[in-house]
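Next up: some structures, all given as structure tokens.
First chain A sits with chain B, and in the next complex the same chain sits with chain C.
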Partner chain A sequence: MYVAVKGGEKAIDAAHDWLAEVRRGDPAVAELSLAQIREQMSLAVDRVMSEGSLFDPDLAALAIKQSRGDLIEAIFLIRAYRTTLPRFGASRPVETDTMQCQRRISATFKDVPGGQILGPTFDYTHRLLDFKLAAEGGSPETPTQDTPDLAAERKPHVMDFLNKDGLIETAEATDDTPPDLTREPLELPANRALRLQNLTRADEGFLLGLAYSTQRGYARNHAFVGELRIGKVAIEMDIPELGFSIEIGEITVTECETVNQFKGSKTEPPQFTRGYGLVFGQCERKAISMALVDRALRWNELGEDFAGAPAQDEEFVLSHSDNIQATGFLEHIKLPHYVDFQSELELIRSIRTAATAQADTRLAAE
Partner chain B sequence: MSDYNFAYLDEQTKRMIRRAILKGLAIPGYQVPFASREMPMPYGWGTGGVQVTAACLTPDDTLKVIDQGADDTTNAVSIRRFFEKTAAVGVTQATTQASVIQTRHRIPEEPLNEDQILVYQVPIPEPLRFLEPRETETRKMHALEEYGLIHVKLFEDISQHGQIATAYAYPVKVEGRYVMDPSPIPRFDNPKMEMAAIQLFGAGREQRIYAIPPYTQVVSLDFDDYPFEASKAEGACALCAADHTYLDEVIVDDDGGRMFVCSDTDYCESRRQAGHVGAQGTPMGKDAA
Partner chain C sequence: MDDQTNRRNWMGLLAKSAPQAVKELCQTLSETHRFTVLRQPETGGVMVRGRTGGTGSAFNVGEVTVTRCSLRLDEGTVGHSYVQGRDKAHATQAALVDALMQTPAADRIETEILHPLRETRARQQAAIQLRANATKVDFFTMVRGDD
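Showing the complex of A and B:
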């Protein structure tokens, strides 16, 4: 006798228990602490904060631990937590020219006021596995040189020097409240502020692919890294009762400004144009990708032609950039669909019956 | 779960969702954009339905959750548990006892009444999406009531296959105005959409809510010479002998032997309780649970 499959509840509980067990791994191996993840997996923590849209290294470390290192899963945990937090206000715009830079480079000028700081980068490492680390190498022998005076110094944006000669488009300051796609549904066309918000939360891999496609000729925009800076910025908030703003904390951000070649269009004179990327934490690849994609999406306001490239297509980019939406919808096809499948089965059977009957009649007629 | 508000979402968010629901009820079939929140379950798992349910629930409600017509599919279990935990509402498997029913892919067989709300989980709310991928375009088409494209698609189906080759998510026109996606229910369920209960549709990832008020006209698109047909597998349920319900096909042995059973498990069970016995069913006695 057939008994309909029951036991979904039991199966879920058992699956959760099993998951907890494999998450922990071999109990003979010491358990990871959040501090270890926060300190030694800091770029993973940064990515989770940036795509999770929540600056909290400890929570990001917890999410990474809970998700067994699946960063999209960790980002999801952070997003789901973030959405429950009350909003009691908004900060003032961060002033990135007062950033305490741990890294600051310009690819367009050999030297710039404030100096270039290479900082902690993989850029010039040789990618050779360091087997000393496998032997639990401990701490680096020479402590890193302090760069307090460099870091403390105010560093003007490289782009401002170009701007003085009118060689680059002016990015007009505005006091308009930017839209917020975590509070309003995304409606198109979007303005640049909304696009940038979407891009800064976007999946790093998706943005990287899109940015790369522009470099390979799908809406090429000839980007130079005018400046890339990473460091701490102060977050200030206006307190109405006080009548002035106070600093409520510091966050680390990566900012990338690109200078893009531009031959001019029907509406704009020949001058350099800008792409902009700003993300939480140290996420250079993401910030540069963001700047390239931002620039590609600006074709309309600059009077350029739409080349039909994916990176130029606002609706395409903004609708598919969010990895939490993407992974959810992609993976939902694991859920049961047997009702739909059954209706498809019936349909294909009936179409086949009709088709075979027709073929038979044709054969008989011949 | 005292850290979270009743039914998980904060009151401001629920208010925002209720406004979208009311707008949807005022313009039947129209897709209302809403600021969908990240839920603690993935997009595609019913986050739209969950948000709509959360906005509708009161502590006195009794909730039923089904997926593919069944109360015990894993995702239905998971969503039901979510609301048991976050809203502490009563839950039931009996269609007649539920005040709010969240569903994925089915409409219960038992006709619903005026005191009930049916909440659908919707993956792609736009009935024109696979004809025109751009939202900016499809919104224009709805605004202008420009539905020629979808009729052309149905016509092409007929010329190619001799029938309309859409088995589920079969498009409907609501109250003579908006063409609407009924969510991926089998077309067998389409005629049930003219009902006494309120029907709410939530698409979380796509940030849309839409609605059908009670007793609203819902017409499945068709042609005079090719009228709409609500199809299902031939035959009767092997357990309860119902021949008027939507049937699932179940493969029962290695040779591909199969049987058909009601997809609505609650309906099937109540029929068996009432003494109906199918070809492969056993009478449901007191001791034969």
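Showing the complex of A and C:
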């Protein structure tokens, strides 16, 4: 148990002053601006927004600067800030089929209408360090072509094409208001909407590990990436004072839909089932992981067997996915625990004395 | 297009445009038009929702920062704004533009402010589209088997 301690103010102030100094680093090196972090460390910014559960690139850049690049610390700062914001309401669900895609690929449908768009990807790079970047670089070239027809560029979901024969389960819309983790504590069993909210703000590394475990055979569900798309979607909200809805902004999201083999069960015919990932920013590893874990957690609804795998265990996954909860509990054990430890010490000493006395008596008897 | 569709369009455009662009184009507006602020610019969060499987029921993804403002022109028209981000001047200018678009000044505002914003947006979208189109790929499957 954590107990209050007194004193140490001077030392704490000095520690924080030193922190500020090492955060700045060598003063001979130019200081980072928030715009530089936002523009040039954009995937770190995206991760902080996704796990911090607040889309605001400038705030995420500030948090990264303040935390010296410790992304979990940055996420912590964003979560804390988020709680100070009044809630204006909830948006209508974003319509990802209207996205202007920067990237859109399908591993299952080679000739997908609208085409496979690689976008700004690390795929197919050789993962060799590029020493050109160590030198002062110029600006990359931009292609010049005729102005494209934006209206013709709308990309429908790949699943719509794959589902022409009805071989894929469909996701039906209801008017239910989804539960909100930021308003009500997590209660189990959770419905899919609550699970998805938990997963979209979950730690990327934790989800990656779980998703990988399903691929290696712990509740294998044979996932293929049906579609992965990244791009901007508009956020639309009903405005009470207007009596109609307007677009209040635009955010970049990553969406992943997996197609999973499914032999059928007592309740469902053999068909392809789906896992779903939707994450703020460009976070494709996270979106794919989310879709695999989402699918693994659906075993009960689909009438599959519980194989005892961690990725299928809702209580295990949802209770341990949040890196702020996890780090809060983990890191508190380094804070002063003197009183508790004093009692532990006394306990051990008394047990030890008793044990030694017993041993002495046994020796004497022999 | 009816009035409501038009209003949704310009309010959406103002919300999605960069704060700097809106403020630069609106620089002289607050000097030439007198108004009373009804609701001070206020920053808050809006919970963004997604759809399960892209087409199914809603779930909560996370929040986005939004700033809103309401004001009334001295001649009586009320303007509202909800703009992305935390820029209070952006929200105030957007509410002012919303009010003015409902007055005879609409044509001038359309030409001087909304049209340039729309152009900027179209240019940015076209640039992304060009880039995306250049990375469009055709994968060929190799023939399997031994004959």
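Simple rule for what comes next: the second predicted complex is superposed on the first by the 346 of 366 C-alpha atoms of A that agree within 3 Å, B and C clash if a C-alpha of one lies under 4 Å from a C-alpha of the other, contacts with A are read in each partner's own complex, and residues count from 1 in each chain.
Quick note on the criterion: a residue touches a chain if its C-beta (ideal position, glycine included) is under 8 Å from a C-beta of that chain, and two chains touch if they have at least 3 such contacts.
Since the structure is predicted, the reported quantities are computational estimates derived from the model, not experimental observations.
Superimposing the complexes on chain A yields a three-chain arrangement in which chain B and chain C fit side by side. In the superposed pair of complexes, A:335 makes contact with chain B only, with no contact to chain C.
Between the C-alpha centres of chain B and chain C, as viewed from that of chain A, the superposed structures give an angle of 110°, to the nearest 10.
Of the two partner chains placed by superposition, A:266 touches none, neither chain B nor chain C. In the superposed model, A:86 makes contact with both chain B and chain C.
Of the two partner chains, chain B is the only one touched by A:327; chain C is not. Which of chain B and chain C touches more residues of chain A is settled by the count: it is C. When both complexes are overlaid on chain A, the residue A:127 reaches neither chain B nor chain C.
When the shared chain is aligned, chain C comes close enough to touch A:193, but chain B does not.
Legend: residue contacts after superposition of the two complexes on their common chain; A:56 is shown touching chain C, with no touch to chain B. Once chain A of one complex is fitted onto chain A of the other, the partner contacts of A:362 are absent, as it touches neither chain B nor chain C. Minimum Cα-Cα distance between chain B and chain C in the superposed model: 12 Å.
Shared interface residues of chain A (contacting chain B in one complex, chain C in the other): 82, 86, 182. Of all residues in chain A, those touching chain C in their complex are 49-50, 52-56, 58-59, 82, 85-97, 100-103, 110, 115-121, 142-145, 147-148, 150, 153, 157, 159, 170-174, 176-182, 192-194, 196-197, 200-201, 234-235, 237, 239, 241-242, 244-251, 253, 255, 257, 274, 276, 278-280. Interface residues of chain B facing chain A in the complex, by the touch rule stated above, are 4, 8, 10, 33-40, 42-45, 47, 67-70, 72-78, 81, 104-106, 123, 134-136, 161-163, 165, 167-169, 184-188, 205, 207-208, 231-233, 238-239, 246-250, 252, 259, 261, 263, 265, 268, 280-282.
Every residue of chain A that touches chain B in the complex is listed here, in rising order: 1-2, 4-9, 11-12, 76, 79-80, 82-84, 86, 182-189, 315, 319, 324-325, 327-333, 335-340, 342-347, 350-351, 354. Interface residues of chain C facing chain A in the complex, by the touch rule stated above, are 4, 7-8, 11-12, 15-16, 42-66, 68, 70, 80, 82-86, 122, 125-139, 141.
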